[in-house]
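Have a look at the structure that comes next, please.
The first chain written gets the first letter, and so on, giving A, B, C, D, E and F; residue counts start at 1 in each chain.
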Amino acid sequence: MKRLLLAFFLLFGTLQASSEPAHDEVVTAGKEYVSKDMGTMVVDFLKSTGLYAFMTAEDTTKMDHGHEIEVSEFSQGWGRVIMILIAFLLFYLAIVKNFEPLLLLPIGFGGLLANIPIADISGPNGFLGILFEAGVANGLFPILIFMGVGAMTDFGPLLSNPKVALLGGAAQFGIFGTLVGAVALTQYTDMFSFSLQQASAIGIIGGADGPTSIFVATNLAPELLGAIAVASYSYMALVPIIQPPIMKGLTTEEERKIQMKSLRAVSKLEKIVFPLTVITLTLLVLPDATPLVGALMFGNFLKESGVVARLSDTLQNALINIITIFLGLSVGSKLAAEKFLVAETLGILVLGLIAFSIGTASGVIMAKIMNKFSKDKVNPLIGSAGVSAVPMAARVSNKVGMEAKPGNMLLMHAMGPNVAGVIGSAVAAGVLLSIFK
Amino acid sequence: MKRLLLAFFLLFGTLQASSEPAHDEVVTAGKEYVSKDMGTMVVDFLKSTGLYAFMTAEDTTKMDHGHEIEVSEFSQGWGRVIMILIAFLLFYLAIVKNFEPLLLLPIGFGGLLANIPIADISGPNGFLGILFEAGVANGLFPILIFMGVGAMTDFGPLLSNPKVALLGGAAQFGIFGTLVGAVALTQYTDMFSFSLQQASAIGIIGGADGPTSIFVATNLAPELLGAIAVASYSYMALVPIIQPPIMKGLTTEEERKIQMKSLRAVSKLEKIVFPLTVITLTLLVLPDATPLVGALMFGNFLKESGVVARLSDTLQNALINIITIFLGLSVGSKLAAEKFLVAETLGILVLGLIAFSIGTASGVIMAKIMNKFSKDKVNPLIGSAGVSAVPMAARVSNKVGMEAKPGNMLLMHAMGPNVAGVIGSAVAAGVLLSIFK
Amino acid sequence: MKRLLLAFFLLFGTLQASSEPAHDEVVTAGKEYVSKDMGTMVVDFLKSTGLYAFMTAEDTTKMDHGHEIEVSEFSQGWGRVIMILIAFLLFYLAIVKNFEPLLLLPIGFGGLLANIPIADISGPNGFLGILFEAGVANGLFPILIFMGVGAMTDFGPLLSNPKVALLGGAAQFGIFGTLVGAVALTQYTDMFSFSLQQASAIGIIGGADGPTSIFVATNLAPELLGAIAVASYSYMALVPIIQPPIMKGLTTEEERKIQMKSLRAVSKLEKIVFPLTVITLTLLVLPDATPLVGALMFGNFLKESGVVARLSDTLQNALINIITIFLGLSVGSKLAAEKFLVAETLGILVLGLIAFSIGTASGVIMAKIMNKFSKDKVNPLIGSAGVSAVPMAARVSNKVGMEAKPGNMLLMHAMGPNVAGVIGSAVAAGVLLSIFK
Amino acid sequence: MEEINLVSEGFKFMILGMGTVFLFLILMIFVLNLQAKIIQKFFPQTNIPHKKDDSSSKKDLDEEKRVVAAITGAIMAVKKG
Amino acid sequence: MEEINLVSEGFKFMILGMGTVFLFLILMIFVLNLQAKIIQKFFPQTNIPHKKDDSSSKKDLDEEKRVVAAITGAIMAVKKG
Amino acid sequence: MEEINLVSEGFKFMILGMGTVFLFLILMIFVLNLQAKIIQKFFPQTNIPHKKDDSSSKKDLDEEKRVVAAITGAIMAVKKG
């Protein structure tokens, strides 16, 4: 070792003479350094602590994409404290209550970091801001997540009994009902003032698909992204609590006991052709939905093709995990106090809950209507799975069904509307994006 | 749960007063929304369907990188339909015929998405366009793929018998023969009009290395990227069909039965030093080939060093899989009808086939020439493996050899020219890039 | 197959007529091609070889971020040769001596590629330059590495005996001692001329954390990044050689034999809460350290939460591996002769060694001071682990302890100051970043 | 946006949106049923010969599973014998 | 930068830096000790019921380990029996 | 590009290109042969002591393989015994 170091030193010793002093020309980055006496230095340092920043919060303005925006004292001080506590609450829900931890932990941590004073981690030079620009602002991350979701989804139950797709359609009423609700609040109350774009982005929460919500919000109402994402994932996690009372309230004991006839086997070829069929229909009917539907079907096609297991495997693991981390942190960075602690957020949370409830109810009611016209009876409990929230909503259908009639396994039957709900929400998203294009 | 929600609501209720209505200043993205009556809305919506777009295709112009380019009715209508059918054909070849599915499936799907009207998924704001800019336009993705290829390649057979590298050299005649063919077509016919740059990019198809082809095409003839990539991977997949007749036509039964003496064992140290040797030679002789050769050798060096198994493993799996998906989709996005359904594509497909054939023949003939001057006879069937298309071409050599003399395993012998062909093509690519720099 | 090809040809044959010759408008990228006779062509080609470039190196200027900088003959010729040899030396150290191969191999290879003449792989269009801009210039890669490090670190030993964090604090004297040394060299000698920013970046080498060093160097002294990164990782690898003599010199045989009382069990909840505690303290005391500390704690939080094993797994494997490759290559690209072969590098190497030594000594001395005031005696050998260099420094403590008293396992005790050292360095980094902001 | 009746706009969106969702899904149901019939008729029990790709990690795991299965079998044999 | 005494600046940095590092770590030690006491008192032996997520690869490995363990057990039984 | 004879340019490219390819590969053959001789002479049977890095997944798999191998051996022993 010694000899090595010696050689090194000798080498550089000889360089000494030959090499021009490159440093003369080097102008170091940063601002020029100004000397201060020790006292001033300590005081300046104390002024750069977070504690000081919290205590001296005041109304100010800052630049945001070229606009000067007002930032209130509250959102610089107590607002941040509240947001950090909300981040902790999300952690509690994710870890102890097991609410969608895969997304709520990164979102919560992003929110925590975004509310740290001075560091500006969600600003253009902070790493949250850089991640946001790299993949959320341009819609790339939700698309990549959808590829992974596609590679993880088995559309077999839908292929086996296509008509249950109608349940996944009816559940989209949650989206549009909420949209109407949001604009009604704007028109008839003074509390809220949502634009049609904002109302649409809020409505999509009812679609119960995180990536779809984020994709639409980024396009139509980026200023509401944080609240919409949090509402979306929180309510998805709350599906086992929100849905059962509605399902029971709308069905009779008899209906809940309906036993559905067993699903036919689906051939490999049907599964391979399915994504191509769906993408073809989408491009004919609604090209504006093809980014979302296309990404979903691409992932599913790689999976079902059976010849690229290593790519399908990567979509389902390495890639979706990496993007989930990046997406969660980036979305969380929009939980800054000045954007989240506004009256709209309350509205969004209430409306999101309504969206889920309407979607659930519509799915159940649709199943009851279908039973009026068909001899193969559908258990209305699988209608609620049409909101998607895959696979939680399907599990809820199964559980409530088992309560009514032990041994009546509805899980696979419920997976049909469940995955159809994903397609349905993407179509609804496409319609809204198309309207505002 | 209820208490939680209640607390939330209370929190926001109190905020109501304190928080300024931030929404007043928010100017939502998108264009201004104009109200329309329901009839107009439905009609406008119908006009935004893909079906309508197909039916009303007409000659128009669009902006492409600041240039106004003409887009024919054909390429907006039937052209798209044909391209979508070609995508389906690629899926068929990949899944049923097992033609390089790892790349043809993503490329085909990219092509399918790129030909969807209205959505403009391959445009600057579509996800295919974003991926293309992120890694194909700047040459990054092919380089990363090459790192993975390097980490997956065993250069042992070449180290064991270096002189077979000449076979990998001779096979590059395919590249330059085709280049001459392409310019000859331009000069002596009116059908095609390839520039020297375009001819060079087409010739590289004969190198039978996807990443090299894409890297060169991106640099010299980006407008032909789609056709070149598809030709490149298709013909690589067709190696078992294209090569055997040529190999048999150029060799006698005697020659095909030649048994080569067994390969000597190669020490670990030789394998570790090899990538450094190759990169050193490349930097001395042809610096312009060092990005490609350097990436290949970097991957190989990580593998052979034996001390960074986790990095080598990631290069061979997570990273190469992610980049394969991104690269395939991005390259596929260049299969837009207006770029692919032109006479040049036909020329490229024919010339690509010629390139493969010349390369195969040259490798075989080179082996016969070597046998004139050397006492250690080389079975000329391993010459065809010089085109690379690792490891398929080597397997073809083995199979044809076994037909002539059962039990005569040529596989490891053929791996030598096979991997030398990768280096040879990269060198040829470096020469061409250097000429036009 | 034949039929397929035939169909293809027919298809394009018919296109021939309908398709406008798109090529007419295509203006190929590159510069215009000028015909040359064969002799000129060969001569020009020879002039583009690396050998020629080495031999004809001369003083020149080049543009670097808009500034015209002088590039000496030496750094174009022999300088490159020396740098390539240094890269080979790094490979030797990494492979044979097992010096931090995970980073020294990519850094060395990046350095090798960066010193190839003509190719300009570390320039704005080369792949090293592209990777550098994508993740080093903006600080993203070190942050992502820190997430992985967090997910791999067990803070249990620190939680079990928090007071040993003081050892991790004392070891940071290495940073500031070196900083003073660097400016003293500037002020009192003519050999070096480091600015305060540069001295700070050099001091951080003593923190013995690669990502922290790179993050700070990128911010305060990007022109020294290559030398600092190489020094940082090299000395970390040298810990087993640098530390023992210092440790033995500063302790008595008695002290080295001290047996510490066994660590109490740490509950799962303490481990989950720990990252939140640390991030909260950081945001209160030193927001400027929150990007680094936040990333570290994010990774640790995902790990300890226990509910997102797949994300934690990805942070520890796919993501950290990919980023390690990218970061290593990018950092290596700063090993260009004109930047590395300057007198400063010698200074940095010497100062880095001093930094490590001071840090080691301070940790040991701090332990001895603590023993004066506490009845639970601390074995001073674990003090040296406070420099971090996880987990190597802790292993060194253990090994030296075992030499003094076989069977006296200090490993887990040493992990406490070891991980505290990571936090300590991040805090020190935050102070320095804050001073120059 | 002053003169727009937001609620009536919202209802228009609902009609257009739900109309499209149902149109799309009904079309899909129709096509999927048709597709199922065609496939069952012309490609019954299709077993497309898709050779697995050489995903090494996958293969390793699979091989290990086979080994484990073989061992279990062996033990069973030993136990019985 | 002409009139700055670099060395005295360096010492100022040292005082500020080491002061902050120690302040931070002492605070951390204090809080961690407090936290440990609180947790041990109010949440003794906490076993938060965290259901593992469905990381397939992990699960596969774990399952395999269990299988292997079962086999080992089986062999032991066979051997002894 | 009007006055350029494309075909003759193409042939020039071919000469330059194939020349370089062969030059490069012949040099490589020469150096590789030399290198092989040097290594065989001065570092015969080199077993560079490269300690594997701690790639956990790899290690786990390897360990499992060893366990499986051990078990197989055990069964063999049991069977024979």
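FYI, contacts are C-beta pairs under 8 Å (C-beta built on N, C-alpha and C of every residue); 3 or more make two chains touch, one makes a residue touch a chain.
Predicted model only: the values in this text are computed from it and were never measured.
Peer 1: Let me check something: if the centre of a chain is the mean of its CA atoms, which chain is farthest from chain E?
Peer 2: With centres defined by C-alpha atoms, farthest from chain E sits B.
Peer 1: If contact pairs are compared by residue number, which of A-D, A-E or B-D agrees with B-F in over half of them?
Peer 2: Most of the B-F contacts reappear at A-D.
Peer 1: Farthest chain from chain D, going by mean C-alpha coordinates, please.
Peer 2: Computed centres place C farthest from chain D.
Peer 1: So the centre of each chain is just the mean of its C-alpha atoms; given that, what is the distance between chain B and chain E in Å?
Peer 2: That pair's centroid distance is 44 Å.
Peer 1: So how far apart, in whole Å, are chain A and chain B when each is placed at the average of its C-alpha atoms?
Peer 2: From the centre of chain A to the centre of chain B is 34 Å.
Peer 1: How big is the gap, in whole Å, between where the Cα atoms of chain C centre and where those of chain F centre?
Peer 2: 29
Peer 1: Which chain A residues touch at least two other chains?
Peer 2: 33, 41, 45, 95, 98, 101-102, 195-196, 272, 285-286, 305-308, 310, 313, 317-318, 431, 435
Peer 1: Got the chain E residues that touch at least 2 other chains?
Peer 2: If we look for residues of chain E contacting two or more partner chains, we find 1, 4-5, 9, 16, 20, 48, 50-51, 53, 57, 64, 68, 71, 75, 78.
Peer 1: In the complex formed with chain C, which residues of chain A make contact?
Peer 2: Chain A residues touching chain C: 1, 4, 8-9, 11-13, 15-16, 18-31, 33, 41, 45, 48-51, 53, 84, 88, 91, 94-95, 98, 101-102, 105-106, 109, 112-113, 116-119, 121, 125-127, 130-131, 317-318, 321-322, 324-325, 329.
Peer 1: Sort out for me which residues of chain C touch chain E in the complex.
Peer 2: The contact residues of chain C facing chain E are 158-159, 162-163, 165-166, 168-169, 172-173, 175-177, 179-180, 182-184, 186-187, 195-196, 199-200, 267-270, 272-274, 277-278, 281-282, 285-286, 305-310, 313, 420, 423-424, 427-428, 430-432, 435.
Peer 1: Spell out the part of chain E that touches chain C in their complex, as residue ranges.
Peer 2: Per the touch definition, chain E meets chain C at residues 1, 4-7, 9-11, 13-14, 16-18, 20-29, 31-33, 35-36, 39-40, 43-48, 50-55, 57-58.
Peer 1: Enumerate the contact residues on chain E facing chain A in the complex.
Peer 2: Within the complex, chain E contacts chain A at residues 1, 3-5, 9, 12, 15-16, 20, 48-51, 53, 56-57.
Peer 1: Chain C touches which residues of chain B in the complex?
Peer 2: Residues 67, 69-70, 72, 74-75, 82, 89, 138-140, 143, 147, 191, 193-198, 219-223, 238, 241, 272, 276, 279-280, 283-288, 290-291, 294-295, 298, 301-302, 305-308, 310-311, 313-315, 318-319, 338-339, 341-346, 349-350, 353, 431, 434-437.
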